[in-house]
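Naming follows writing order (A, B, C, D and E), and every chain is counted from residue 1.
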Amino acid sequence: MNILERIVENINYLGGAALFLIGLHTVVTHTNLIKKIIGINIMGTGVFLFFIAIGNIEGGTPPIWLEGMENPIFVNPVPSALILTGIVVSVSVTVYLLSLVIRIFQTYGTIDQKELAEIMEQEVPHD
Amino acid sequence: MQLFNVLLVVFLVVCAIAVERTKDLLSAIIIFSAYSLMMSLLWLILKAPDVALTEAAIGAGVTSLLFFAVISKTKRYEK
Amino acid sequence: MKKILIRIVFIILFFILAGGIFTMPTSPDISAPSYNDTVRHYIDNAVEETGATNVVAAVVADYRAFDTLGETVVLFTAIVAVGSVLRVPLKKDEVEIHHE
Amino acid sequence: MISQLPIINLVALLLMAIMVPFIKKISFRATLWLGGILLIGVLVSSVFIFIHVANVGDIIYHFGDYESFLGIEFKVDPFASLFTLFVGTLAFIIYVYSSGDKTEGIESPEFSRYYVLYFLMLFAMFGILYSNDLFNTYVFIEIISLTSCAIISIKRKKEPYPAAFRYVLLNEIGSLSFLFGIAMLYMISGHLNIDLLANTIQSGWTTLPINIIFAIVFMTVGLSLKAAIFPFHIWLPDAHASAPSTSSAILSAVVVKIYILVLIKLILKVFGVELFASLGMDTVLLIFGGAGMIMGSIFAMTQKDLKRMLGYSSVSQIGYIVVGLALMSDLGLRSAFFHIISHGLTKAALFLSVGIVIYLKKSRSVKGFEGLGFQIPIAMTVFGIAAFSMIGIPLTSGFIAKWNLGIAVESASQYIFLGVIVISSLLNAMYYLPILFAAFLKDNPEHQEKVSIEKIPAAMLLPIVVLGLSILLIGIYPNLLMQLIDLVIARL
Amino acid sequence: MNDTIVKSITRLVIPFVQVYGIFIILNGHVSPGGGFSGGALLGTSLILYTLVFGAIKAKHKFSHKASEIAESGGILIFVTVGLIAIFVGMPFLTNLAAGFPAGSAGAILSAGMIPIIMIGIGIKVASTMITLFHKLIEEVIQ
């Protein structure tokens, strides 16, 4: 089979995997804390895209019964249900991380991981 | 429809890379907001309207507002 | 140098994942292994068993309602956690904002 | 009726968490008493559940009265009920301690929040052990990771914020990897129920191996990140050192173990031992565990902060558990289970007795223990017993755990790990013994002049005495616990 | 922000957004949507109000006490619905078998406990979003 066709066929899965890795790359390489949080969000959407793509069906319809439907082909409703939960969870984690960023900025005066490490090394623990 | 799907995924990947490379956090978040909106469009194409609605309201709306709120209290530029 | 190395590692990881994806059962039709009896049961019987015509809502709020309860608990946790971080005002001497 | 007990426990914990802010407005003392009574109730019902499960059979609980392939299912087997008992007991002991300890950085308006988070965390831990559904497990994992980070950052000092940030970040990467693994498994089976999934995996291994390999790798890495298995342990010392002492105790004694238990559940129930071993993952875990045993101890020796030292010591002890698990034999599993419980008791005793030292001296330095054995004899005796247990001196539970691991290693003919165990124990002795010598043998004239010792609340002393006694009890009569563990393994 | 145009347009828009959010919540079991998206929309409308009219006025409208009650209330609705099933003698969170009225499929008043749960989720999500936003923009320095 033609490789291009394969790619087009699996484009959602490939996209999901790529977004997961791009997000992970952002988290690993960037030192800015807010960038790291965005990276986590991108990772999350990558996984969600992968999940939703599993449920998709060529020529299917969204799983909602309407009047006058006869033997419709529905897409898989389970991934949608799971991802609804997943999105809300990822928002909660994001907000908690953001609140920590605010506090880190107020107490240390920086949101850069490298500078943070330097400041923390200079300060002798005083308790 | 298949072509549109491919274009959307490519757009998403480009957006994600752009977010990573932008030094200005404000622009990065605006791009991320657009990314979320495109993601919800993609989910509409994949026949998951419930998820698309939620993502449009939460991912593109609330999350970016929260990011803006935090940026207004911290720094705008990445070193 | 280090950055390029990390990037190469990620690109290799992507190719491994992509290679795996090509051998996965990804065809988007009803012969996919994930489209099994459970899904068929949901689609055929959701309206009788739960009364909801939106099957996703039936799954979210009835078949897998306990997940949704867990998710509302996550939201509650987020509020308590954010409150515990941001609620108590800082004293003046604990703050050191460096304005440039 | 008994089949409804697990869910009633969960709902009671959840309702308690929700109601704390409202009851607190009436009287905070009433909240504490109510929480304590509730925890006792949960413990008693856990005992009943365990007796029922051991004698009659597993409790299978279907939510919404749907069959297991449709809805969410709880499966309360001896494994789940024994470890809920363990979690509940330790949580109750630490709860009693926390009601007396009001110094370590948490300010009084935050107390109600602390207990909300505490009960939510218990809710999630009970749920994770009972649950027989992968996605449900993921949701509970997220609750645990949020609450466990929040009880670190609740302290009003500067240090916890960066530590908590890093902890959440790595936790979230771990959760998303776990979710990715679930996606892989869902793709080939369409089931989320663990039992049904296991059937499809065993049959699908020949036709669709790639999904299963990816799932194993992603899930193992994700859970290792959360459980601080050796190369992924970087967050642990910071997080555990900067947390309030009760939080450190619960994080180190229970939360980390929960992730290992999830990993054990995955390996034994979902993937199966043969499949996991045929990929060579057991060797990887074995190497990680052995490296963790040595490296954790070496790092611990260089620390000046006592709580950081205990954190690194946790890394090395997790190595013991991982080695026991990676042997993939009944003996190894037996030692891993025993070590989980023994280390839970020991680490809780250590962190709580160090909490008393901090309460008294407001200092966490490894130096400065001179003469403390005469100032706070009870706390330092418990510290001594727990330290002996960590080193593995006979008559303590730690000795039995290491002995069992030695037998398991020997029967699997991995003789090199016998050496690793001995070296690690010697290293442990090298950093615990100086503290004990300083506390009991050296005399500090400065301390003796200070006759008026700050009085330590009984609510703080009683828990650590109970912990110290139970370490000795298990060390002298290990069969009390071994019988239960054998039952668990026989029915797994 | 002291722009009359923005203020009057916001006043005009917010009721529509809120009505749409409530519509989505209530129609969750017959059409796309449900507690999550509807709740998020309600929360966004309140965030918009905060942005335009300032945090103090918004706090007045959605006070600390109200948010506290709404947060716990969302979960309480959920748990109560679940416990009803236990009192009937069925497992937790049983729907029609526990005696919730089925109604006629496709109508708004149907599907037993699903609309109630959706309302609970909606309240929870909306109050969470607005409370979190308020907490993040609050001045925390004394």
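By our rule, a residue touches a chain if its C-beta (ideal position, glycine included) is under 8 Å from a C-beta of that chain, and two chains touch if they have at least 3 such contacts.
Everything quoted here is computed from the prediction, not taken from an experiment.
*Asks:* Chains touching subunit D and subunit E alike, please list them.
*Replies:* Both-contact set = A, C.
*Asks:* Could you pull out the chain whose C-alpha mean position is farthest off from that of subunit A?
*Replies:* Looking at centroid distances, D is the chain farthest away.
*Asks:* Looking at C-alpha means, what's the farthest chain from subunit B?
*Replies:* That would be chain D.
*Asks:* State the pair with the higher C-beta contact count; candidates are A-B and A-E.
*Replies:* Looking at contacts between chains, A-B has the larger number.
*Asks:* Quick check: how many Å separate the C-alpha centres of subunit A and subunit D?
*Replies:* Whole-Å distance between the two chain centres: 28.
*Asks:* So what's the Cα centroid distance for subunit A and subunit C, whole Å?
*Replies:* Going by mean C-alpha positions, subunit A sits 8 Å from subunit C.
*Asks:* Rounded to a whole Å, what is the gap between the Cα centroids of subunit C and subunit E?
*Replies:* Taking the mean C-alpha position of each chain, the two centres sit 21 Å apart.
*Asks:* List the centre-to-centre spacing of subunit B and subunit D in whole Å, with centres computed as mean CA coordinates.
*Replies:* The mean C-alpha positions of subunit B and subunit D differ by 38 Å.
*Asks:* Subunit B: which residues touch two or more other chains?
*Replies:* 48-50, 54, 58, 62, 66, 69-70, 73
*Asks:* Any chance you could list the residues of subunit D touching two or more other chains?
*Replies:* As it turns out, subunit D has residues touching two or more other chains at 14, 18, 63-64, 135, 139, 142, 146, 149-150, 153, 158, 161, 186-187, 190.
*Asks:* Going through subunit E residue by residue, note those that touch at least 2 other chains and give them in order.
*Replies:* 30-32, 34, 36, 72, 75, 79, 82, 92-93, 95, 105-106, 125, 128, 132, 135-136, 140-141
*Asks:* Quick one: which bits of subunit A touch subunit E in the complex? Just the residue numbers, please.
*Replies:* 62, 64-65, 67, 84, 87-88, 92, 95, 98-99, 102, 106
*Asks:* Across the complex, what residues on subunit A touch subunit D?
*Replies:* 20, 24, 27, 33, 36, 40, 43-44, 47, 50-51, 54, 76, 78-79, 82, 85-86, 89, 92-93, 96-97, 100-101, 103-104, 107-108, 116, 120, 125, 127
*Asks:* Under the definition above, what is the set of subunit A residues touching subunit C in their complex?
*Replies:* These residues of subunit A touch subunit C: 6, 9-10, 13-14, 17-18, 21, 24-25, 28-29, 53-58, 62-66, 73-74, 76-78, 80-82, 84-85, 88-89, 91-93, 95-96, 99-100, 102-103, 105-110.
*Asks:* Which bits of subunit A are touching subunit B when the two form their complex?
*Replies:* 8, 11-12, 14-15, 18-19, 22-23, 25-26, 30-32, 34-35, 37-39, 41-42, 45, 48-49, 52-53, 55-57, 60-62, 75, 79-80, 83-84, 87-88, 91, 94-95, 98, 101-102, 105, 111-112, 115
*Asks:* Flag every residue of subunit D that touches subunit C in the complex, lowest number first.
*Replies:* The touching residues are 14, 17-18, 63-64, 66, 69-72, 107, 109-110, 113-114, 116-117, 120, 123-124, 127, 135-136, 139-140, 142-143, 146-147, 149-150, 153-154, 156, 158, 161, 186-191, 200, 204, 208, 210-211, 213-214.
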